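The following pair of complexes shares a single chain, chain A, combined with chain B in the former and chain C in the latter.
So, the complex of A and B:
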């Protein structure tokens, strides 16, 4: 039984990272309707930015994290302005194709700049084991979960209380109506892309502390899609819950069956949820009209 | 320009005008001459360097032909029926497994193995299609992603039980005594098969069945109210696509000679999506253009970036050391440019050029 809880805790830790990446994905999808296939690469980007900060620019950990997040934010805004602003109103698959192209470019640029070998951070966030209720938890796992919880709280406040957050919700609800009431939709889209990229990069920053930094990290970032869909594709708490669920299932499957079968279980649960509740756990059903 | 069609019989006619017959003959002649150009590195007696041919040889052309067939199949599903599916790698792997079981383990004749792979694919495809009865758009996409990982796991388990990590090895196939063991023979076989696949797809789309698929794509509820059995047609579309894809998957592994489960990653699927979107959704010529571009351009770009002298200011060294990455960056930028300026893809560009030439000087 102890092993079970151990897997669950480990799952919650990686799951909160998936949740963060999924949160970034949902932020972008909800306000701009862009189904971002490059979301996994934004996670890789965050991990490599942190590596550059710590190893190349010799920054201490906390400033390095802040610098990577700011750079990611700028990259996200730049992506929106240069690539996605001209794509507004184009069909879904056209935009999807552009995100695939961006994913190719980001992957290739990372390999050109940092090389294709694995990297390890020269120093990490604290990672000593802590004993809580007879379970061994690493400080890093606690930090990961704590950061995610903080992010969720910050976003909840941002969307309820701040002017910009309210504007983003209004735009997500109805772009034309929000523009009529004086909201600058382009600015909202920019903020959504900036925040979505920064959050995915935050997931990457945490991931870089948990394991080595390689170009293959983007495959883990792909788990943001099932996480987002489980949550209902447009729900922010849903993305986090979906991420946690997927992390836990993945760890349990790895622990009890095998590492190779983990994906089968993760996506099997996704398939089951889709067939029973096609609109996700937190989403709302829609009705088709002729 | 072709005249306005007034009934379906005209729509179904293959060689509707003299110019079509002419261009078809030109195409056949060009395809006939191509292997000799690529093998001898010369055209009409003029020698060509490797860089002038962009590093393209017959193997690349063969891979392109395989991609053409698989892209046509995917376009039937995504472009014409409007069903988003990430199951393409899974269908390929069904072909690989079936030919491993029947061709390698039981030594059945090659044509039978290809047919059986197609049939196995159709069954799996119909199963993949079941969620489409209930799910739409992106949700369907994610459900096929689930099936993708399940199929891959089956492949991996089968491979580790029977062959080990080195993968499955396939012998050169023979068709009624004609052994397909070099690139020239493969080229002949693949050109013929690609022609057959294109012809079948074209005929399907000119008929009632094909129009039903397009109607479902454009509005499923409306199509249903017109009496089209939407659910059944969707499953059929999945089955047809996966029949072709699995048969192509079997050809693909026989051509490669060796395969392993990690070849069928999600990137593999995304490549095919890229092919049909760049080529043009809902266009057969688009699938052909897209497949050719996607398979030949990286090779061409790598050759070009390798041929730049390393002394060139700043970029020289970079282009030489990171040929694959440079190719990806250029490809990515190219896709963004196409999507930005011509979202209908290569087939849209081609149509624009054709109209411009035909209507000159009245074209805008």
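So, the complex of A and C:
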């Protein structure tokens, strides 16, 4: 039984990161209707920005993390202004192709700037074990889960209590009506992309400490898509829950069956949920008036 | 009707073109075999040799999951080639490296190899380091009689039986397992050990797993856990948990450095102090850089070559060469040293092959290598008609976090008695 809970703890930690990346994805999709296939690569970008901060610019960890997030936010805003704003009104397939192209460009740029070999952070967040109720949880796992919980709380407050958050919710509901109400939709889109990119980069920052800094992190970022779909494409708490579920399923499958079977279980569960609830666990069915 | 006839004509033309291409490629391969099997046939551009250049192939993982270990290997190899070219080349010919990216995938590795047989022909190839790709390529290498020299991994299929054109540098996994098991049993005073295994899902992982199980059983010990990790995976939490809960005396690791690093991070989370010892593939700077000293001190690996921290004349030369050709960052990695020795071996073989360089004469040149001195980086390299493994000795290494240097544990000769030569040689 202890082994089961140990797998669950490990799954919650890595699932928190999937949830963060999925949260960024949902934020962008909910506000702008853009299905951003580059979201996983933004996780990798965050990891490499942190590496640059601590290894190249010799910053202590916390300032390096903050600098990485700020740079990621600026990159997200730039992406919206330069790439996605001109795509408003264009066919969906065209926009999807643009995000795929962006994904490949980010991957290639990372390899050109940082090289293709794996790297480790010269100093890392603490990772020693802590004993809780007979289980071993590492300090880093606790930090990861805590950061994710804080992000969920912060976004909940942001969307409910802040003027900008309300504007984003209004824009997500109906862009035309919100513009008619005087909301600057372009500003909302910029904020959505900036925050979505920064959140994904935060996932990369945590992953760089949990693992090594490698271009292969993009493959982990890809799991944000099933996490977002599982939780509900327009649900922010759903993104986090979806990520946690994916992480736990992965760990349990690896522990009780084999590493190769993990994806079978992850996508099998996704398939089963979508057959029953196509809009995801926390999503809402869309109703169109005819 | 008109469109149907146009389609028919197009299909006919396409079939003719494919047939012509197939005939052309079989012609070129038979020509290549003919000239290389002629025993003293003249140098030919069809085998990558012109009056002033020698095309030599280097295939390694440039962009895939194993770049961490394979790029330093490639850089070590390139160092020797650059050095030979700066000294005037081989018999008046400069060596031109033709690079291929195996990307850690069998189809990409095979495609890169096939290009070097006929499209951009080479006189020999080094690399194809991933065991799964190597196993897939070996039948083609044999068919083409392509000299294949010194990859990072030595697979059983390439040694048993000995293939005419296949020459390894690194001792086979059978010898590596003999040394690491013998060393740990003695160091921990566990004559009948309980052993855990952590290995890749690649074919070399299967080979190492089988070797460890057979050897441990022979000693009267037991394998208490056997965990596998995919080469593309980056988390080993579940595997580490199963290994730790089985309470082994030590864990044998066979993975790439990335997976070794992931395992060490997971062991750190679990607070484990179980000793880990890796084959050559899983060692190097990356695993030690990933964790603090309290965890890294539990990890050792075996290798047939020494990193530049261990000072000998050969090491000093290797460091100087690395600095000159821009590879200083890689020189502390044992993988760089393997590539450096492989490069030295190839250069020596090309010299032995003489002016009339063909694939066949290169094979003869390789078999002439006897006690090639590496200046203390490794034992001398030797081949014969029946022994195509250049280095037979390997020893364990550890990392000293205080001095930030790698240290050898004993001499190569301390471990030769452990080796049973299960694959011959």
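Throughout what follows, the second predicted complex is superposed on the first by the 286 of 290 C-alpha atoms of A that agree within 3 Å, B and C clash if a C-alpha of one lies under 4 Å from a C-alpha of the other, contacts with A are read in each partner's own complex, and residues count from 1 in each chain.
Here, contacts are C-beta pairs under 8 Å (C-beta built on N, C-alpha and C of every residue); 3 or more make two chains touch, one makes a residue touch a chain.
None of the values given here were measured: they were computed from a predicted structure.
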A:128 in the overlay: touching chain B, chain C, both, or neither? Say first, second, both or neither.
second
Kindly classify A:210 by the partners it touches after superposition: chain B alone (first), chain C alone (second), both, or neither?
second
With both complexes superposed on chain A, which partner does A:37 reach: first (chain B), second (chain C), both or neither?
first
Between chain B (first) and chain C (second), which does A:274 come into contact with in this model arrangement: first, second, both, or neither?
first
If you tally the residues of chain A touched by each partner, is the higher count for chain B or for chain C?
B
Kindly classify A:118 by the partners it touches after superposition: chain B alone (first), chain C alone (second), both, or neither?
second
Output check: A:149 vs chain B and chain C. Expected answer is one of first, second, both, neither. What do you get?
neither
Just to be sure I read the superposition right, which of the two partners does A:264 touch: chain B = first, chain C = second, or both, or neither?
first
Of the two partner chains, chain B (first) and chain C (second), which one does A:97 touch, if any: first, second, both, or neither?
first
Looking at the overlay, does A:6 come into contact with chain B only (first), chain C only (second), both, or neither?
second
Does any part of chain A touch chain B in one structure and chain C in the other, and if so which residues?
111, 219, 260
Give the list of chain A residues in touch with chain B in this complex.
35, 37, 83, 86-87, 90-98, 100-102, 104-105, 107-109, 111-112, 219, 222, 225-226, 229, 233, 260-261, 263-264, 266-268, 270-271, 274-275, 278-279, 288-290
List the residues on chain B that touch chain A in their complex, please.
78, 84, 131, 134-139, 142-143, 145-150, 152-153, 156, 219-222, 225, 266, 270, 273-274, 277-278, 281, 318, 322, 324-326, 328-329, 331-333, 335-336, 339-340, 343
Which of the residues in chain C end up touching chain A in this complex?
62-63, 65, 67-68, 71-72, 201, 228-230, 232-235, 237-239, 241-242, 245, 257-258, 261-262, 265, 268-271, 286, 289-291
Chain A - residues contacting chain C, complex:
3, 6-7, 10, 14, 111, 116-118, 120, 122, 127-129, 136-138, 140-141, 210-212, 214-217, 219-220, 251, 254-255, 258-260
